[in-house]
Amino acid sequence: MKISSAISDTELKTILTSTHNFVEQKLFPIEMDVIKMAWQDAKPILDNLRSEVKSMGLWCPQIPKTYGGLGLSNKEHGMVSEILGMSPIGHFVFNCQAPDAGNMEILMEFGTDYQKEKYLKPLLEGKITSCFSMTEPENAGSNPLMMNTTAVKEGEYYIINGHKWFTSSADAASFAIVMALTDPDNPEPYRRTSQIIVDTKASGFNQIRNIPIMGDEGSGYFSHAEIKYENCKTPVIGLLGPEGAGYQIAQTRLGPGRIHHCMRWIGICERAFGMMCQYAMQRQTSPGKVLAEKQTIQNWIAESRAEINASKLMVLDAAEKIDMYGQDKARVEISIIKFYVANVLQNVLDRAIQTHGGLGITDDTLLSWWYRHERGARIYDGPDEVHKSRVAKDILKSYKQQR
Amino acid sequence: MKISSAISDTELKTILTSTHNFVEQKLFPIEMDVIKMAWQDAKPILDNLRSEVKSMGLWCPQIPKTYGGLGLSNKEHGMVSEILGMSPIGHFVFNCQAPDAGNMEILMEFGTDYQKEKYLKPLLEGKITSCFSMTEPENAGSNPLMMNTTAVKEGEYYIINGHKWFTSSADAASFAIVMALTDPDNPEPYRRTSQIIVDTKASGFNQIRNIPIMGDEGSGYFSHAEIKYENCKTPVIGLLGPEGAGYQIAQTRLGPGRIHHCMRWIGICERAFGMMCQYAMQRQTSPGKVLAEKQTIQNWIAESRAEINASKLMVLDAAEKIDMYGQDKARVEISIIKFYVANVLQNVLDRAIQTHGGLGITDDTLLSWWYRHERGARIYDGPDEVHKSRVAKDILKSYKQQR
Amino acid sequence: MKISSAISDTELKTILTSTHNFVEQKLFPIEMDVIKMAWQDAKPILDNLRSEVKSMGLWCPQIPKTYGGLGLSNKEHGMVSEILGMSPIGHFVFNCQAPDAGNMEILMEFGTDYQKEKYLKPLLEGKITSCFSMTEPENAGSNPLMMNTTAVKEGEYYIINGHKWFTSSADAASFAIVMALTDPDNPEPYRRTSQIIVDTKASGFNQIRNIPIMGDEGSGYFSHAEIKYENCKTPVIGLLGPEGAGYQIAQTRLGPGRIHHCMRWIGICERAFGMMCQYAMQRQTSPGKVLAEKQTIQNWIAESRAEINASKLMVLDAAEKIDMYGQDKARVEISIIKFYVANVLQNVLDRAIQTHGGLGITDDTLLSWWYRHERGARIYDGPDEVHKSRVAKDILKSYKQQR
Amino acid sequence: MKISSAISDTELKTILTSTHNFVEQKLFPIEMDVIKMAWQDAKPILDNLRSEVKSMGLWCPQIPKTYGGLGLSNKEHGMVSEILGMSPIGHFVFNCQAPDAGNMEILMEFGTDYQKEKYLKPLLEGKITSCFSMTEPENAGSNPLMMNTTAVKEGEYYIINGHKWFTSSADAASFAIVMALTDPDNPEPYRRTSQIIVDTKASGFNQIRNIPIMGDEGSGYFSHAEIKYENCKTPVIGLLGPEGAGYQIAQTRLGPGRIHHCMRWIGICERAFGMMCQYAMQRQTSPGKVLAEKQTIQNWIAESRAEINASKLMVLDAAEKIDMYGQDKARVEISIIKFYVANVLQNVLDRAIQTHGGLGITDDTLLSWWYRHERGARIYDGPDEVHKSRVAKDILKSYKQQR
């Protein structure tokens, strides 16, 4: 949480403009190729771009200045994040990509000196990447109390056993932060789990596969792994915060993480919206007549613009509330943007594809990539339905007395 | 247009709190009775309340201080307007109701001294009310160029002939501002009409009926008249601005008028939302179980909250743009809120009614009144479809060159 | 239930054509006036029309020939019902209106000779009308087990106490069929209530008011009463079927009753659809251009046509299933049409109103009458939400074993 | 068009049951593997299955008995097609897959003896497959008059030049039926094109690539090619019907082709619906509680069931109209099902995916495959928007006189 901003309005404006120019000039021309490459081929290209970003002073926008970042508030970073979201490689190139950004945040807040030196430092420098290993195939991800993975302490080590999936980017990661039961019988259910840093090279850390998602297995950073922890032995010094604090630490990630995703989605929306408008002006439906003259297309443009504007104002409003009052006070707003913007994203992409006709379903534009890769937006970090129930229950509390 | 505000943040806060308290304590208890009364019975009750508002210093929030109002900017008045909108009699009691508010605005900007003294002054004081006579049954209201009513100058008089409807509040009005063709053959179509003040007692001003709208004929201020102008003779000094400026003057009303409606609708939404939540907590579906536990109701609460929040942020954003840059620069935003909020209003009312079950369709709550009286929201001041097309066409202009 | 039809295809065709002609020629020209009249003024007009229908041999289409009706199956009557639904006075004029049609059905199946002679005969002849008194303001209508009204036997009488509303048409009714608890402590909850015929002139049958619904209090047949039963004394011979059979008898009404409503709604849809198309072809948006050229209007026409076709096929399919296998076997289909068609009705009316612009919200067309009076369609006879849950639970039963 | 059916109800029932059993027992277990294979690996497996189908007497259900098929009417084949649609390999295995089925139809109706012997016979026997080459990247597919590909007659040959894409299954095809301008200046625009059979091995038939669609390039039958016809020389005896009849012949495919797609989509819907129900009953959201208890899931199940039922009844109704009156008379119905069912398909798949949570977006179930591969359903064979306009225009014709 950053109560006041480290930068001036003018500085922010400069950052936004430079970021926008960079994304447009350096990322747009190559992004389509990069996302189709194997990770080993994409990595050097992305590393070069990262060097440029560093040299331009735009590196790690979300990280406090003391840690070498730009020190932006949630709201300010939200604005940057929207711009980066316009390209599928934007966040990675600026080193504010999920899940690393969340891991950096946790490490800054809960990491020991040892952990900061060993894991946080190279992460911040962009020398390594990481992953976060929580969701289990056998348990509903929306219920944080349902978990089977255990970490049993034996001397200086935890022995971890369990089955995880959607451990995004594990394929390229140097370490994972693993959620596991350390005190499964604690009468207080939210004290049962801990977060433990595990080297991906540790014995018993068995990556089963990269899960093919909507036609893409992916690789490296662009992948989602299934992992079996089979008597995986990892030193106790990897424990984040006190034992039993797993759930509480996980909460830290959520608010800013959702702002991050929502603004990224808005970036995608803006890009798709621009593509839709441009194509509508170009594509002839009969000689001399273009798609843009069709009232249905006009409806889609107006509705999309309304929904994107609404999304942006609500996300920045939520980010400001986090900045000012902390994420607990912004709980309702955070849940609202999570489901609202995820649906706007799907709507806007769907309309852009429909506008493009046959071209829209080919992989010749980015639209189909996002259509496939962001169908998950309504599911990950809590499905729509869970967020809606939570919002309602929170709101209804203030009506209880009138029963 | 008010570039900077006449009041401080603290003053605004006080105004909002006082307004809220007044609406809740003085209007909520009687509003249901008042809207069912004949106008002659409602009038004295409303006049008493108006006196109270004056004595509390809350009168005419939207009017500049020099004219005796509070001098609020569009954004600030928007916030007041939301609160007033929670009651169907809110705006009238504070003397910022349509169509009078729009007429005051026109008179302040284009009125002669004579017109200001004779018409504006008593309007501002709340001694009279007025109406605006533009829409014609034979012509699509969405096309300002289609108009049959003519005003032919004969010496010191205009002779007006034409057929108008949806001349809201004519039944109680002292004067009408009439749109009529004064130069029907002008090659420039937007210079063909003028706005002319006409006394409702003038000969030839024939009120045919109050049009029954969704089951209510209404009366007095709460009605929508059909008028026949049959050789209606009215002095030329009633001409507003120069001859031929009818269309341009009409534009003046639109931006602030839409902010006004949108914020009023948001007030209705907030009230209906509160009723929905409260009823959901009270109504048992089986012993010990209430509606609020149903996930569908929870979905409606969350979706309504999202949509109302989005509406509010977008309307205040548009109001701020008008305040800062003028309504022409905020054209897209104004059209967006017009259709977006009108639909949110309909959704929220529909969900609130459905939550109330049988009770929802009775006239025992305000919900059915709004459901009926605000179905027009998606039609008046430009139907959704027209606004959507305009938004799209405006946006697409910046894509033209890429064709 | 009528397993096989009493009439040939040719006879059916003749009935449908005659009915269509009659509705168009005799009802369309006067319906708008009739629904605005007080009941005492409307009644003689309607009675004349009823005589005509009798003399044409179209009376009581849903009633078996042995009882003097046309003997149509549910499917066949559904087709007639669609035509009658095109006019708000159609069903009444053919004596197949709710709630009388349901009461006739119950009396035919469960009535004693005495009850048939005293109540059914004049109902069938159209000499009296009746009402059904079940829903209570204090209890959720969707839960048949929540009921407070009691009927305590004292000698040859029941003493009824309770509070009912939405007792439709009570204002004109000669008798009511009342649902009341006769055995409130029966361990089997569905055996607690009975249905008892009560004369509306009985002492203690106190009609509090006609509930104003969406702006209309109505009167006579066209009204929905609130009733207080205050020590209402009624002879035991009015008991329908055995004591405790109230719930089971109520079930009898449901299937055919829902077919009835659904087909009536489809009739309304067809009428509104026709009005929408016709207005779209007439209304100019600019000289020489009509609404029908707008793609949005075209979308509404196509979507409405699709939804109405779907509704009709599904309702007739459900009716056929009732005819062939009984309503229990058609439970899922009946619930599906109840919520599906009620929503189509609301959609089609909404689009027709929006197409009509300002005219659509006036009472100058039937659209606003239906918009107001059929908002209840998604609520009465079980709200959408209850039917959806029931459908799902029924379907999910066949998946249980795979758990 | 088949006015009366060649088979009895009992025969049909047997065909449906056998088909269902075969699909469930032989295709369900291997389909996931087959669709991920390269065509050369999948082909032998599919060919074995095809032999089984032949030996069971279920081969070519849509083909008249005189040509060796089952002789089913459009409605009957619709029922078979639904069952086949439940598996992505169903239609291919029964030799009624697009685009071959359409090509067979054209060849039966317009083919010369030579063409039937050379192309139709091996198609019917399943020895070869084919493709249909119409859509061009440079022209809106929805406008059949926009076409650049030309076929210029030189002696006994046509020289074809043009650029096509979405030439589905070209990768495995022995021949293509190509739409090309043979008389580009004909004043009657619908007489400008011809359909010409071209061997895919012909010189100048240059397959540029299989277009990657939503992440899948595919191969063989499961692919969509981009083709350049570069002075492609093909004998005039390949001309289908008279020169200039290209458009008219294309119409022949459309009606039955849309029934085919719609019923296939309904098969997909049924499969996805079953998966959704089954998963909802299995997946625990907390110990002892399953997804199926959530009202939102229940809503989806009920709404999906309603929409699938509506789809099925409408498609079979349209098929029956084609069988009885020809496809021209069923034009409105055909267009309605095309857009209605395509949207139901997308809704049902979306809900099934959302119900499956994370699993739904993986390629571990068929849902994601269909989600990706059927996004095109709203686009190919005429986008929703074009069909809606056509439906409306057709309907509005009967309202014209009232203008």
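So that you can tell them apart, the chains are marked A, B, C and D in the order they are listed, and the count of residues begins at 1 in each.
In this text, a residue touches a chain if its C-beta (ideal position, glycine included) is under 8 Å from a C-beta of that chain, and two chains touch if they have at least 3 such contacts.
Keep in mind the model is a prediction, meaning the values are calculated, not measured.
S.K.: Quick one: how many steps at least from chain B to chain C, stepping chain to touching chain?
M.R.: Minimal hop count between chain B and chain C: 1.
S.K.: Please identify the chain with the largest separation between its CA centroid and the CA centroid of chain D.
M.R.: The chain lying farthest from chain D is B.
S.K.: Express in whole angstrom the distance between the two chain centres, defined as the mean CA positions of chain A and chain D.
M.R.: 39
S.K.: Centroid from C-alpha atoms only, then distance chain C to chain D, rounded to Å. What do you get?
M.R.: Computed from C-alpha means, the inter-chain centre distance equals 43 Å.
S.K.: Could you state the distance in Å from the CA-based centre of chain B to that of chain D?
M.R.: Roughly 53 Å separates the two chain centres.
S.K.: Could you check chain C for residues that touch two or more other chains and list them?
M.R.: 294-296, 299, 385
S.K.: Please name which positions on chain B make contact with chain C in the complex.
M.R.: It comes out as residues 135, 137, 139-143, 145-146, 165-166, 211-216, 283-287, 291, 294, 296, 353-354, 357-364, 368-369, 371-372, 375-376, 378-380, 383-385.
S.K.: Would you tell me which residues of chain C are touching chain D in their complex?
M.R.: Listed in rising order, the residues of chain C that touch chain D are 277-278, 280-282, 290, 292, 295, 297-299, 301-303, 305-306, 309-311, 313-314, 317, 332-333, 335-336, 339-340, 385, 387-389, 391-393, 395-396, 399-400, 402-403.
S.K.: Once bound in the complex, which stretches of chain D touch chain B?
M.R.: By the definition above, chain D touches chain B via 294-296, 299.
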